[in-house]
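Order as written gives the chain letters A, B, C, D, E, F and G; numbering starts at 1 within each chain.
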Amino acid sequence: MTGADPFLPAAHAPDVYALGGAVLVGLGVWGLLALRHLLRRVVAFNVIGSGIFLFFGAIAARGGGEPDPVPQALIITGIVVALSASALAVTLVAALAQRRGGAVLPGEGRQPPEAETDAK
Amino acid sequence: MTALLPVAVLLSSLIPAIATFFLDQQSYRLRNTLSLGGSVLKLALIVAMLLAVAGGAAYEARLSLVPGLYILLRLDAVALLFLSLSAVLWLLTNVYAIAYFGTKPELSRFFGFFSLCVAATTGLAMSGTLISFLIFFELLTLSTWPLVAHKQDRPSLAAARRYLFYALPASAALLIAVIWLESATGPVVFEDGADFGDLSENSQRAIFALFILGVGVKAALVPLHGWLPAAMAAPAPVSALLHAVAVVKAGAFGVIRVIYDVFGPERVAALGVGVPLAVVASVTILWGSIRALQQDEIKKRLAFSTVSQVSYIVLAAALASPAALVGGLAHLVHQGLMKITLFFCAGIYDERAGVKRIDGLDGMGRRMPWTSVAFSVGALGMIGLPPLAGFVSKLYLGLGGLEAGAPWVLAVLAGSTLLNAAYFMPLLYRLWIAPGADAAGDERAPGLVVPAAVTALASLAVGVLAASALSPLGWADLIVERGYLR
Amino acid sequence: MSALVFLLALPLVAALAALVAPRGAPALTLISAAAGVGAALRLAQTVAQGGVQEIALAGWAPPLGITVAADGLAVAFLLMTALVMLAVALAARAELAPERAGARVAFGFWPIALLLWGSLNAVFLSRDLFNLYVGIELLTLAAVALVALSGKAGALVAAMRYMIFALAGSLLYLLGVVLVYGAHGTLDVGLLADRTVADPDALALALMTAGLAAKTALFPFHVWLPPAHAGAPAPASAMLSGLVPKASFVILIRLWFEAMPDQAGSGALLLLGLMGAAAVIWGSLRALSQPRLKLIVAYSTVAQLGYMFLIFPLAGGDGAAQPWAAGAWTGGMFQALSHGLAKAAMFLCAGLWIIAAGGDRLADLRGLARPMPMTAMAFGLAAVTLMGLPPSGGFTAKYLMMTAAFASGQWGWALVLAGGGLLAAAYLYRPMAEVFARDCPITPQPIPRAWQLVPLALAVAAIMLGLISAPPFDLLQVGRPEAAEEGL
Amino acid sequence: MTGWLGAWLLLCAAGVLVTLGAALWRVWRGPARADRMMAAQLVGTGGVAVLMLLAPAQGWAALDVALVLAILAALAAVGFVKASTPDGAGDPEEADAPHDPPLDPPLDLATDSARSDRDVA
Amino acid sequence: MTGAAALMLDLLLVVLVAFAGWAALAGRGVFRAVVFFIAYGLLVALGWVRLGAVNVALAEAAIGAGLTGVLLLATVGRLERAGAARDVPLMRGAAAWVPALAGLAVTGALVWAWFALPLPESPGPQLAEALPRSGVENPVTAVLLNFRSWDTLLEAIVLLAALLGVWMLGRDGDWTAPLGLRQHVREGGVMAGFGRVLPPLGLLVGVWLLWAGADAPGGAFQGGTVLAAVIVVALMAGVAAPPGVDALPLRVALVLGPGVFLGAGLVLAALGAGFLTLPEAQAKAVIVAVETALTLSIAVTLAGLVLGPPTAPNGAAARTPDGARP
Amino acid sequence: MWLDLASFALTALGLFFFVAGTAGLLRFPDTFSRLHALTKADNLGLGCVALGVALQAGHWTDVLKLVLIWALALLAAGTVAQLVARAALAEPRARKGEGERP
Amino acid sequence: MNRRLIKAVLHRTALCAVIWLVLTRADPGGLLPGAAVVVVAVWLSLRLLPARHPLALWRLVLHLPRFLAGSITGGLDVARRALSRDMGLRPGWITLRADLPPGGRVALGAEVSLMPGTLAAGSRSDGQLLVHVLDTEAGFDRMLDREAQALARIAELEPTANAGERR
């Protein structure tokens, strides 16, 4: 066996990871709708994204044999795109926090005030 | 050549319009040249076409848009009638306006939209299809608005807003009517009329109502007339345009087109929608007169008078009898000439003597005789004093009423005439008989007075010479004989 | 090299160059936009004569590779985009010069704008669902950057809100794409049209549609749009409002009319139409109560986008084979195109007025028509298009769609179209009345005529789209799915 | 390699995963940020171990992933340490601790509330 | 028995992933969420290996477990300094059910879809037939850089767009400052030492991933990400100072990858092969050249994304919010 | 076979250390003590696993690769432990020796 | 070019080359790019860690078993404590004087952290290493001193070498 050998996923793996992916997407959707802190929403996006990718990966691994490379390539592209978006999003959150002093969109709940001692 | 001429007529006002927008405020001369040149050229072209049409030529120009949507310019007799009227009056109004405004600011805009307005009217007159009519109708609405708002003071802006408030829903109604109809019948070409196919009668009635709603605002049918008196806030040339050259005429013209070229009088009768329209027109005639009676401002009174007078044409169209239609078509011209005279004069009183209200007219006849004579001719014509223009119209209308089996029209006409007299006679009394106040006033403005005199003369002529084949009446007679009520 | 490849690569090459040599960026953008207009015209000519131009990129046909294709729809949008870009490049040269906008904006705007253009071209041309995903992500990131460009707190909030919607939309779309691949092993629009229908197709289409609707700001996903479009500098707003929503809309068209027309049930089509109608009404009503010009114009975008969705009930599903479908579909496209031109013109007008008067509250605009008649004219003409009055492109759109509405017996949509026009007149009247007021309480900054010509040219183009509508109509028919007999 | 060993390696990997579960519990519990961060670090080390255990059974390419994990293992922790300095760009070693153990709170370090991650009462 | 052990492993892994994901969302506190997300990324990378997608696992390990963590932690720090790190309570009451139901619905729909999905004819045979002509042996690389190179080109440009967006979020006054915060460390301290040891090793690994990508798992993105991580560590350790936006080498490095990619595509088009169409004979060479340039650009771009916009050295401005608090 | 047994033993030992380290992580009362548990036991566990797996390697480079991985892990662990411990000094919750729920 | 530099270059080149070979499975096709990247890596490493302080490589090799043993006992120690009922913890801090160059101090810290019962937390500005111990009474300080000396030998440290701090 050499390292260059791509190895075959177990027969049950697609099912397991597809369901896992489905759960992650659901969790992420919940988070996206329920969470108000912007950084946590970014996390929720990433959870949804990776759930989708896992689901896609499971699709690629269906049918036994070597996993279909096309979804793998698409997933890599997707991961990079998601990273780009996340980077822009978190920078936006930070810039917003700097200028407004909060990381919540106006009209969507309030952040509890920082403790007194924080006022340096 | 046949396609070129109608387009040239259109462009003769469109090009000055667009060019004027780009002119500097200071280039009065160039602007005036453009404007006058355009109107003279247009008149010349129309005369040329008139002669050619009389010789049997046909003109048609077509611009294809998307499938099923094309602009067709075509000259039939009715179109020529309206076209000639608006071209003549445009020329006169141009002269008047140039004198009226002198070197006031914002004139590029004014003359630009003014020409655009006339271009729209020209297109409207020449429209050979329903959709072309719609397009120019809307263009007319849009180009009129800045004119109404021209003074940009509070009443003008309010008037302009009011105008849009009435005109745009009307446009929407017209649009729905046109598309509803055409989606069932295909493009409607005026000459052929629409083939209603399997459209249900109620749908047809609804479409008819929408049409009347659409054009009725411009024709100032009660209760859609509210914008017109308010628009009196605009300067006198604009009033002249609204009342005589373009807008309300377009509405009345639209009613004729809808009844005779889209539905056809038989269908209108069969659907039973003619009589209600005639009733509405009659109510408008009377109500307009009554309201005119209550006005103290000259222009307001004239405006309500228009409400009343234009509905003569609507009434004529709704009666769908040949004689009535002859009267209506003739009135299209007559009313235009008379009303523009009155507005010219009202503008002169305002401009040269600062008189806006009726009680300011006392003794004005001596101080401003030319103007006052012209005014009097117009007013008497409106009342229908034989043999003036108004009398001819009313005569034919009355005959038409009898012909159509609606003798009550006579009563309407009689009532209207009494009311006309009631609101015009006091003015004449004040002009000529009432002891003069010391109000200043002179007529040293030939640019203002001459157009008024010309239109007054013309309105006198069309009445006196009504029997001539070249008079509007003769023309209308010809139209009806040749084309309509086949 | 074909005009198609040129249009794909040009904005990207220009963007890279603009990044390396920022000083030359404005000129570069201008030249590229002009070249883009030329190439788009050339391509339009080719397509009109030779039919759909299709290229398998990298030389691999689907399902392995990605195809790009210039059909009439794509070319029309490419051309409109290039025109708007040209105008934006001209306007931004003046408005976003370093001394006016600061070094940051003067550096960033150009490459970002070019990337946005590049992504639009890519989306309009692509035939691959995943490639479209990458394209709209590029679009989203560039658009977010444009929204945030001003750096003000309000703009950042708007950018954040936009980003949340856009990213959520992207993910939903991506999920649908994944399901499509899972069911059919291909992502090519053409191949999908011939697929054997699978059960999850409906779910996939629903997910993709929901995602794209969020990106297109379809009611009720529109809340992000007005602040985002109103908060950016005017040239950016022009692109955001005039161009950006069109990309996701085009993908929706590709999905519903080309890839999966079989999934278009009447209920779903009705729902899309109702959402569009709600957008028309709600967007217009909100526009009526806005205190600032840019907000009015932005809410108007919500309303105007709504019209485009009426084509789903009018031309989608079974209706696609009906004689009126061609008209309805093309009407929707006319709406998208003329709105793009007119809306860009409006935002550019707003930008000039803001420079002149220092703000865009309605009271600030008072009397500006006198010192800036050409801008007022441009705004007026653009307004004519948005109201759908003849002879503008907006009128052609409305005419075609209304005709289809009556012909198909769905006259309710016609009422929406007519009512929307009235509401548009009402909300656009407010700024117009101020602009045309007699007194101008301030002494406005003088604006050169050349600047004013730019929005005017765009607005005139929007009008011309109605006046010269036969060539674009014919162009749009090239490659149109379900080519039914021509309209009525 | 014999079959039972393959199964064992997988079981062993599962065992390591179980310990990672416990580490996740520590991430949940905290209480200090250092606790959470170090527990995440353990997940990284455990992940490397799992990948190693998978390698013989499934293909040595798994080692490549393990290598990448290993070389980037410290990245997050470095980021954490950076971010926890007052300006987000410093190094905790720059602040000197007092001389005599047991150490009292260093003076110039941030206050309690600034680092609190129990955010909501 | 192996099967049972493998099933157990996979189930356990999925449960852990789901737990970490849930905790990253449901746990209170922004910091805790971020740490859970880092752990989550690590675990997902394991999942990719189990699915046989080593290429993806490499990318996920480098991005999900590496860069994203730094990015999020740095953001937490920034939020804290801006007084915005406090978490917001979850909603309560009836409205709280909406997100939960939505999540459940999505999961349910996906589970249904998974079992309803037909097994389509895979493009496998076509791909196997095309692979020898692609210039590389790693099918994923073949897809990324040959069959679907247009995707990849756009994706490289997406990164660039994100970076431009990030730069635009800086303050006007800071525009000429270096990228990110000005890092300072104790000379000779632990962090400085690490920052001096790691880069050569990271360089080797990064370049190796790039090199390996042609025939084995790896590739430009994986290699570029590792290099980006190395750059970030080196900068954080104060080994080198980040450049400003106006540094020409930086901008050249950013556009090099997409530039070479696009340039190659256009040259090929000009030569008549078609846009991005690689002739079989030159495919490998072009791919290697493009990948090398891409790796460099990706490394620099990703590092730039983590560093953030130009920020003036005086930290005081950054520490106090300048706008009014809501 | 002996190789397999050795692999078994080493990996089992590795697992044991992981378990032990985790036990420490869970049981030790304060932050710093818990850091001890992680740095030591887990890396030892990793070493054992690496060794055990190395016995199965088919290529000498794989063996060295395992060693390299371990070395990198050690480098990381040594660095991280010091850095986090130092950072934790600034964290009151860690300094207080706060352990399980009070 | 002094001897020290040559030695460092050779050492590091060898190390990098081995790593490259390991990574590439000694693929001959990887030799060419490998050569290039090794050169760059060595250059980089010399830039970052100039060869100021000689390193006795053989001593390092000799030190390895000790380090491994310490590491194993460290692991066992933690395991014992973690799994026993009474964990025997008396945690506390000690400081350690170490006359090492800064890099050496870092290495010492890292090594100490892997040794039983001790965990370094960086050093202070006076050069003392800050060490946390699990049991303050177990005599860890002497063990630490021995380690420090061993490392000093590896670094071939002359007594005055402390003066050679890097910038």
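Definition applied: contacts are C-beta pairs under 8 Å (C-beta built on N, C-alpha and C of every residue); 3 or more make two chains touch, one makes a residue touch a chain.
Values in this document were obtained by computation on a predicted structure and should not be read as measured data.
J.: Over the chains that touch one another, what is the least number of steps taking subunit B to subunit D?
T.: When the steps are counted carefully, the minimum from subunit B to subunit D is 3.
J.: Please flag the chain sitting at the greatest distance from subunit F, going by CA centroids.
T.: Relative to subunit F, the chain whose C-alpha centre sits farthest away is B.
J.: Which chains share more C-beta contacts than any other pair?
T.: The chain pair with the largest number of C-beta contacts is A-E.
J.: Of the chains present, which has its C-alpha mean closest to the combined C-alpha mean?
T.: It is chain C that sits nearest the middle.
J.: Would you kindly tell me how far, in whole Å, the mean C-alpha position of subunit F lies from that of subunit B?
T.: 97
J.: So, what's the distance in Å between the C-alpha centres of subunit D and subunit A?
T.: Whole-Å distance between the two chain centres: 20.
J.: Averaging only over C-alpha atoms, locate the centres of subunit D and subunit F and give their separation in whole Å.
T.: Taking the mean C-alpha position of each chain, the two centres sit 10 Å apart.
J.: Just curious, how far off is subunit G from subunit A if you go by their C-alpha centres, in Å?
T.: 38
J.: Would you please write down the residue numbers of subunit B that are in contact with two or more other chains?
T.: In subunit B, nothing touches at least two other chains.
J.: Could you tell me which residues belong to subunit F and also touch two or more other chains?
T.: In subunit F, the residues touching two or more other chains are 21, 35, 43, 45, 58-59, 62, 65, 68, 72, 75, 77, 79, 81-83, 85-86, 88-89.
J.: Listing for subunit C: what residues touch at least two other chains?
T.: 63, 130, 134, 137, 141, 144-145, 148, 153, 156, 175, 182
J.: Can you list the residues on subunit F that touch subunit E in the complex?
T.: Spelled out, the residues of subunit F in touch with subunit E are 72, 75, 79, 82-83, 86.
J.: Which residues of subunit A touch subunit C in the complex?
T.: Going by the criterion above, the answer is residues 25, 32, 38, 41, 45, 48-49, 52, 55-56, 59, 62, 70-71, 74, 77-78, 81, 84-85, 88-89, 92-93, 95-96, 99-100, 105-106.
J.: Under the stated contact criterion, what part of subunit B meets subunit C in this complex?
T.: It is residues 21, 63-69, 71, 106, 108-109, 131, 134-135, 138-139, 141-142, 146, 149, 151-153, 157, 160-161, 164, 168-169, 171-173, 175-176, 179-180, 182-184, 186 of subunit B that touch subunit C.
J.: Subunit F touches which residues of subunit E in the complex?
T.: 190-191, 193-194, 197-198, 201
J.: Using the touch rule from the top, collect the residues of subunit F that touch subunit D in their complex.
T.: Interface residues on the subunit F side: 1, 4, 7-8, 11-12, 14-15, 18-19, 21-22, 25-26, 31, 34-35, 38, 42-43, 45-46, 49-50, 53, 56-59, 62, 65-66, 68-70, 72-73, 75-77, 79-81, 83-95, 98.
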